[in-house]
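This report concerns only the one structure given below.
Order of writing sets the chain letters: A, B, C and D. Residues in each chain are counted from 1.
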Amino acid sequence: MEKHWHDACGVFGIYNHGEAANLTYLGLHSVQHRGQESAGIVVSDGRRMRSHLGMGLVHDIFDHETLAKLPGVHAIGHVRYSTSGSSELKNAQPFFVDTVHGPIAFAHNGNLVNAAELRRRLEEQGSIFQGTTDTEVIAHLYARSKEDKLIERLIDALRRVRGAYSLVMLVEKRLVAVRDPHGFRPLVLGKVKDSYVVASETCALDLIEGEFLREIEPGEMLMISSKGLESLRPFPPVEPRHCIFEHIYFARPDSVVFGQSVYNVREAFGRELAREHPVEADVVVPVPDSGIVAALGFSEESGIPFAMGLIRNHYVGRTFIEPEQSIRHFGVRLKLNGVRGVLQGRRVVVVDDSIVRGTTSQKIVKMIREAGAREVHMRISSPPTCFPCYFGIDTPTRTELIASSHSVEEINRYLTSDSLGYLSREGLRKATANGPYVYCDACFTGDYPVPREDPPGPPSC
Amino acid sequence: MEKHWHDACGVFGIYNHGEAANLTYLGLHSVQHRGQESAGIVVSDGRRMRSHLGMGLVHDIFDHETLAKLPGVHAIGHVRYSTSGSSELKNAQPFFVDTVHGPIAFAHNGNLVNAAELRRRLEEQGSIFQGTTDTEVIAHLYARSKEDKLIERLIDALRRVRGAYSLVMLVEKRLVAVRDPHGFRPLVLGKVKDSYVVASETCALDLIEGEFLREIEPGEMLMISSKGLESLRPFPPVEPRHCIFEHIYFARPDSVVFGQSVYNVREAFGRELAREHPVEADVVVPVPDSGIVAALGFSEESGIPFAMGLIRNHYVGRTFIEPEQSIRHFGVRLKLNGVRGVLQGRRVVVVDDSIVRGTTSQKIVKMIREAGAREVHMRISSPPTCFPCYFGIDTPTRTELIASSHSVEEINRYLTSDSLGYLSREGLRKATANGPYVYCDACFTGDYPVPREDPPGPPSC
Amino acid sequence: MEKHWHDACGVFGIYNHGEAANLTYLGLHSVQHRGQESAGIVVSDGRRMRSHLGMGLVHDIFDHETLAKLPGVHAIGHVRYSTSGSSELKNAQPFFVDTVHGPIAFAHNGNLVNAAELRRRLEEQGSIFQGTTDTEVIAHLYARSKEDKLIERLIDALRRVRGAYSLVMLVEKRLVAVRDPHGFRPLVLGKVKDSYVVASETCALDLIEGEFLREIEPGEMLMISSKGLESLRPFPPVEPRHCIFEHIYFARPDSVVFGQSVYNVREAFGRELAREHPVEADVVVPVPDSGIVAALGFSEESGIPFAMGLIRNHYVGRTFIEPEQSIRHFGVRLKLNGVRGVLQGRRVVVVDDSIVRGTTSQKIVKMIREAGAREVHMRISSPPTCFPCYFGIDTPTRTELIASSHSVEEINRYLTSDSLGYLSREGLRKATANGPYVYCDACFTGDYPVPREDPPGPPSC
Amino acid sequence: MEKHWHDACGVFGIYNHGEAANLTYLGLHSVQHRGQESAGIVVSDGRRMRSHLGMGLVHDIFDHETLAKLPGVHAIGHVRYSTSGSSELKNAQPFFVDTVHGPIAFAHNGNLVNAAELRRRLEEQGSIFQGTTDTEVIAHLYARSKEDKLIERLIDALRRVRGAYSLVMLVEKRLVAVRDPHGFRPLVLGKVKDSYVVASETCALDLIEGEFLREIEPGEMLMISSKGLESLRPFPPVEPRHCIFEHIYFARPDSVVFGQSVYNVREAFGRELAREHPVEADVVVPVPDSGIVAALGFSEESGIPFAMGLIRNHYVGRTFIEPEQSIRHFGVRLKLNGVRGVLQGRRVVVVDDSIVRGTTSQKIVKMIREAGAREVHMRISSPPTCFPCYFGIDTPTRTELIASSHSVEEINRYLTSDSLGYLSREGLRKATANGPYVYCDACFTGDYPVPREDPPGPPSC
């Protein structure tokens, strides 16, 4: 189920390709699931940089005409998460400005834990801010750096920030890709013929028939220029801490993220979940689309047949309204409907990736019962999310997370399910096990790899 | 895979409800999969009728403001199929006109086989036509009828037409629902509290928490008025001939259509397919979304594990463009991507509902091989489609249907698959077996229940 | 002052020109003052006809792309008047339909006095109506005619209608222009190189650098085809009755209408007005733009200096809103403002073309006084409008016309002006005098050349 | 004739009014003639500030809904000039940012002569720029000021800039209005009941029924707060240098600008012009709308009758296109048309306010001759514009100004007019004579009150 509980943005960049804007458009389309609020592309023809940004989906913002006005051979692009509140064009990215070093554009996926503090200090030094993104903070730090060289200025800026950042930066003739030392968010390097490509997920490479070379590594700064690739390691090494929620929910199953197939990891979550919380049942039903792969793993391990007992209506777009006068609140019914032919008279295991507030899950349980299910057993392919994420965006506060203040049994009662089982942290570790555990799972443990410095504040990307 | 090879429209109607327009909006959202080109709602407050129609998706056409301008207690709505060519606002429905008998609105799902002939005759008598829909023909026949009573006029009109029609009609104080004698297209009757509802599929009742009462029967004309329901059988009885493609592809799996759960029938197709065309393989992969349920049936019967080896990008909307200069044609890649973690090194059974021209299927085979599959076995959950449909819309001509001129083995070579198996007509019959076979399957057999009278012509609904 | 009290539509047609749609676009732009609600163009390439219509101004509806989709060598176009109420796309013109005789398009400026009656009869014969225009009535009559030839069918249809019509009709290879026997509305014939052009006003010829040949004469039916011009006189001759309001208000001053320069006639109105209602004053001020030319005539004749003492804000468009919460109603202030440097301490003669309800004029008097005028003398370049117009559109009912129930002295008191003078019918006659009086001035006299048959009804064009 | 040769922006501000956004909307509508590219409003409710900006006309950008989302009691607004090239949303104003001192918004009309130099220095200190307006420079200077108090910071910032600025600034609870020491651009103070208002022109006060109190004086900084008005004179006094083009072309004739009625001054230009360049002629015709008032003065002085011999089509909007394939370039014909009834056989004096490149004037001469004029005498109500303006915006370079390289006689030959006369600088002085000459007329003389420091660069406001 889509949750918007901590979302992610998506980035894309391409160097030295005759159709840079077109391929960026396609790349953004591939990572559209990472953000639907706004999108933008900045191109460079080696001398002049141009941009086009807008609110909405990539295919609503760009058409033949707008793409034709973006000539150039290098480009970066960005898609931003979707929430109702703070959505404004001035927060759209790439963030594109003039500095003393010339025009520069930044596309950023992540969240800084000291952005508010840095912003305050920058404002004290006379900086002005038009939006509320962390990206604007990074741009100011870069512009204020006294270093001579672009790469030194960027290092200077990034040494001041703490938190999660997978960042792509474009100047006239160079493209830089950086990942924070912990490597919270994914960022991969690929190639389309002779052109280097960077993207949030490998599925963006697949669409443009590119080759996946490798991940940008945690703490790596990769400069792409006419000289080719130049890799730097400007930060002291720390242990990697990849966001486990990329595997649980964010990334597309057809992507390879943090060295592993998202599909395979997600399926393994389901298998572990079946081992940990077995139940006598007739059918395993996913909450589509996010619960499908884990549900398949659960079915496989448990031997209980898998069925698509909930059908998703994919036509719920940004502009869908709930009729005003209506006394009922339709909510999840607008998106999902139970299949009586699958559910009637059955003992149903329903698999979802996580529970945030619990309200949606409660409605799903009710919907499955209304379709005739005899029993409804809820299985969640991740541990209880008890702590807000400081490295993603749009985090509910702790009090909004039902698991922060309720036991599993209490949640089960709230959902009105017959049983409820969460995957354990141990199960999570096993499922991802290919060596030491390299994930940030602070949302389950409260054990943040980087301490929060800012007070809770506005969302960012 | 979406094919637009013969599509369907969707209709909805509600009588005597304080939020008639709002519920119609929701009902149309539920049947949005039946048509994405245009949509419209006509309401009546018992005296005055009002309409709003537009191009695009229901949620793009209607918002709080437009719905607020549709006061009334009775309403009908329509969604129209999507093709690029003949899409025009003047073909949007409901078709709403003034006649000597007052204002009247028609929403129609189907296709007449003598529409062109009727149109010619009506034009000879001086009628003028603004659009190209069959609905306009029905409206003219109704307006020209000399009968005194509304219901007699409608009978008079419908006795002149031949073909498929599931029709909903609204006048100031009455709503009429009719299904053609063969019952080609579905149409159901439900209830929301005290208000009667008609809809193309039961999933529309589910969303508004309505109760499914029964189907409007083939040849039945149901008048809903302040006196309640009145059912008429004005046509000589004939054998039912339901469109088998509703079960194969059109209808939503969560609907009950022609008395059977679409999900269950579609799953049975998959099981029969596995029996008819077994293959040694490692994984069964559906072409999403239309192939999923049949693939589950195939997996169940064959014991070969099911996996979502193709991931669908749901953000491909009407406005999505393929960048102009690009030398490559992206086509199905924009919608689907293979999951290497599922496909690599595997012998893959890929299940789709049908093949039209073969070009898309060919690209899917290629995509699966590129993701590392060792073998690709294509299985189709319906027989070869060799004949155009005269009762649906937007039918390719016979020459465009690859199966009309190629053997299965030739098609297999064209697709570059390792093997290809279609469900037999026998298997189809078995899977739907609940008594005598009541389906129209002329697209497989050329055995049309109603002979075509018109020359091939413009699309309609 | 713009009054919308009886407005006019504008038509344009061109035969055999390589840029038919482009020139029609320009022609409609030239007659945009005759209608701002909707516009449309229908083209024919000799075989196929295509259309594009929309709501709003010509330049908002058409762009390079839409014009490029209108290939063809013959075209007609239409602009429709603007009111808030009944504005709907389905009333936009040209009215373009299929008939037994093939596709046909009509663009019409005028009003029939027996449209409702004809519509009732047509509906009784089974015709259906989608909009509320008189044009649709004419199209039905044409389609129902049993005559063999196009021109005979059109004659047949027009013999049944009574009222005002300046009509342009396009079929695949022919263009027909007709004016009703009285010649209420203007229609002219011109030439651009070898291509014939028809238009509501000569200013449309000026823009496209066309040559003004002559008026289509009252009762003339002119067929333009590959054989050249063919002129018919199918109606019994009657006395011409040109709408005097074309000279008073509708037509652009740079047009020649009914054989006379609008500018010169309007100026003569002002001179007569000065003779009839002299006043001691310091300055003559027009209500822009419609009062300017008459005010110049008044100034010339009276010797009182002319000044632009009221400035018009031309940025008041269709979408201009009056802020909601505001306690004041801004009305005419949004359009006009007084020039203190002109008005302060002066005795002002303010010249307008007509008074409808009196509310606007009252505000103008107040505005002039607030700008410091010592005296305000209102002079109107036409007689009191006491009767609604049946031959135009959007007519206020009689009770809304202040002059229908108030004496000049009473109106003067209502306006709070120091004096009020209307041009007499005698003066009107003198100013237009070039032979016998050929005008319809029923709005002043109630002496309608064609009796009204329909009850008051919906607006048309 | 509209020239876009040096345009102006418009500003508006209101303090302490319950409908601040609504009145600002109306105020911007009144100064819409000063800029049609973009518009914006920023409001403050005393604690929180909100903004809405967009491209296009005020009434296209704002509607009931957007205004309702701008609650607050203080507001400022801005309209920006219109050119095709550099038009971008990020240059729209008010410029609204967060600083260490809190949120602040600037609306600015003018042009700095050292903006590029300041921008370079600010960038060197690490500032980043998103747009190309001078306003962004002022905002940075303000944000970087070390002064404690808002007013001191603003003084600190403005002491660094040189050039023309009429600036309105809004913070949570205060509104500041400043005019540069020379007072290049107008800025007036008014009152609506108890609320202070500032605006570019007095016509904005008229619309909202406000009272004109006085001009903000050159070099004055006026702070409006809960304490009332506070006036400061932070700059060394210099001689006033009001832009003479406000009287010649920019300002609306119903405004009082620089202490004089624009109408009266413009009329005086015409009278002086008649004295300096008398001619035997039959009619004086203005180029509408900008030449009307001067033409009236010319007519009055010369005794030659005035007539509206050129009619303007006001429907030429931003989106108007010239059909692509057309071999002719329509240009000024789309806007103007000659009145044959006025011009035929006449000796015509045509009065315009200025000549920039000469191409438009040449077409006007041709148009008048084609309408039958025997002689065409061009009279210009200002001296030859030989020098670009550094204090306005969108200035053509010197080489584009025909008068910079051609004598009056050469220009006359180029225009193909029978004679050409420009108002002399002496005449200009006489016409504006109410004491010493207080105008900047560098565009005629090259005698810039403030030396240009920047190289020619991008347009600003």
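In this text, a contact is a pair of C-beta atoms (placed from the backbone, for glycine too) under 8 Å apart; a residue touches a chain by one contact, two chains touch by 3 or more.
What you see is a predicted model, and the numbers here were worked out from it, not measured in a lab.
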From the C-alpha centres, identify the chain that is farthest from chain B.
D
Which whole number of Å gives the spacing of the CA centres of chain B and chain C?
48
Indicate the whole-number Å distance between the mean C-alpha point of chain A and the mean C-alpha point of chain C.
60
On a C-alpha centroid basis, what's the spacing between chain C and chain D, in Å?
36
Find every residue in chain B that makes contact with two or more other chains and list them.
none
So how do the chains connect up here, line, ring, star, complete, or something else (other)?
ring
Name the touching chain pairs, please: which are they?
A-B, A-D, B-C, C-D
Looking at the complex, which residues from chain B come into contact with chain A?
18-19, 21-23, 25-26, 29-30, 32-33, 36, 57-60, 62-64, 67-68, 203, 206-207, 209, 252-254, 256, 261-264, 289, 292-293, 296, 300, 305-308, 311, 313-317, 319-321, 323-326, 328, 330, 333-334, 337-342
Residues on chain D engaged by chain A in the complex (per definition of touch)
89, 96-100, 120, 123-130, 139-140, 143-145
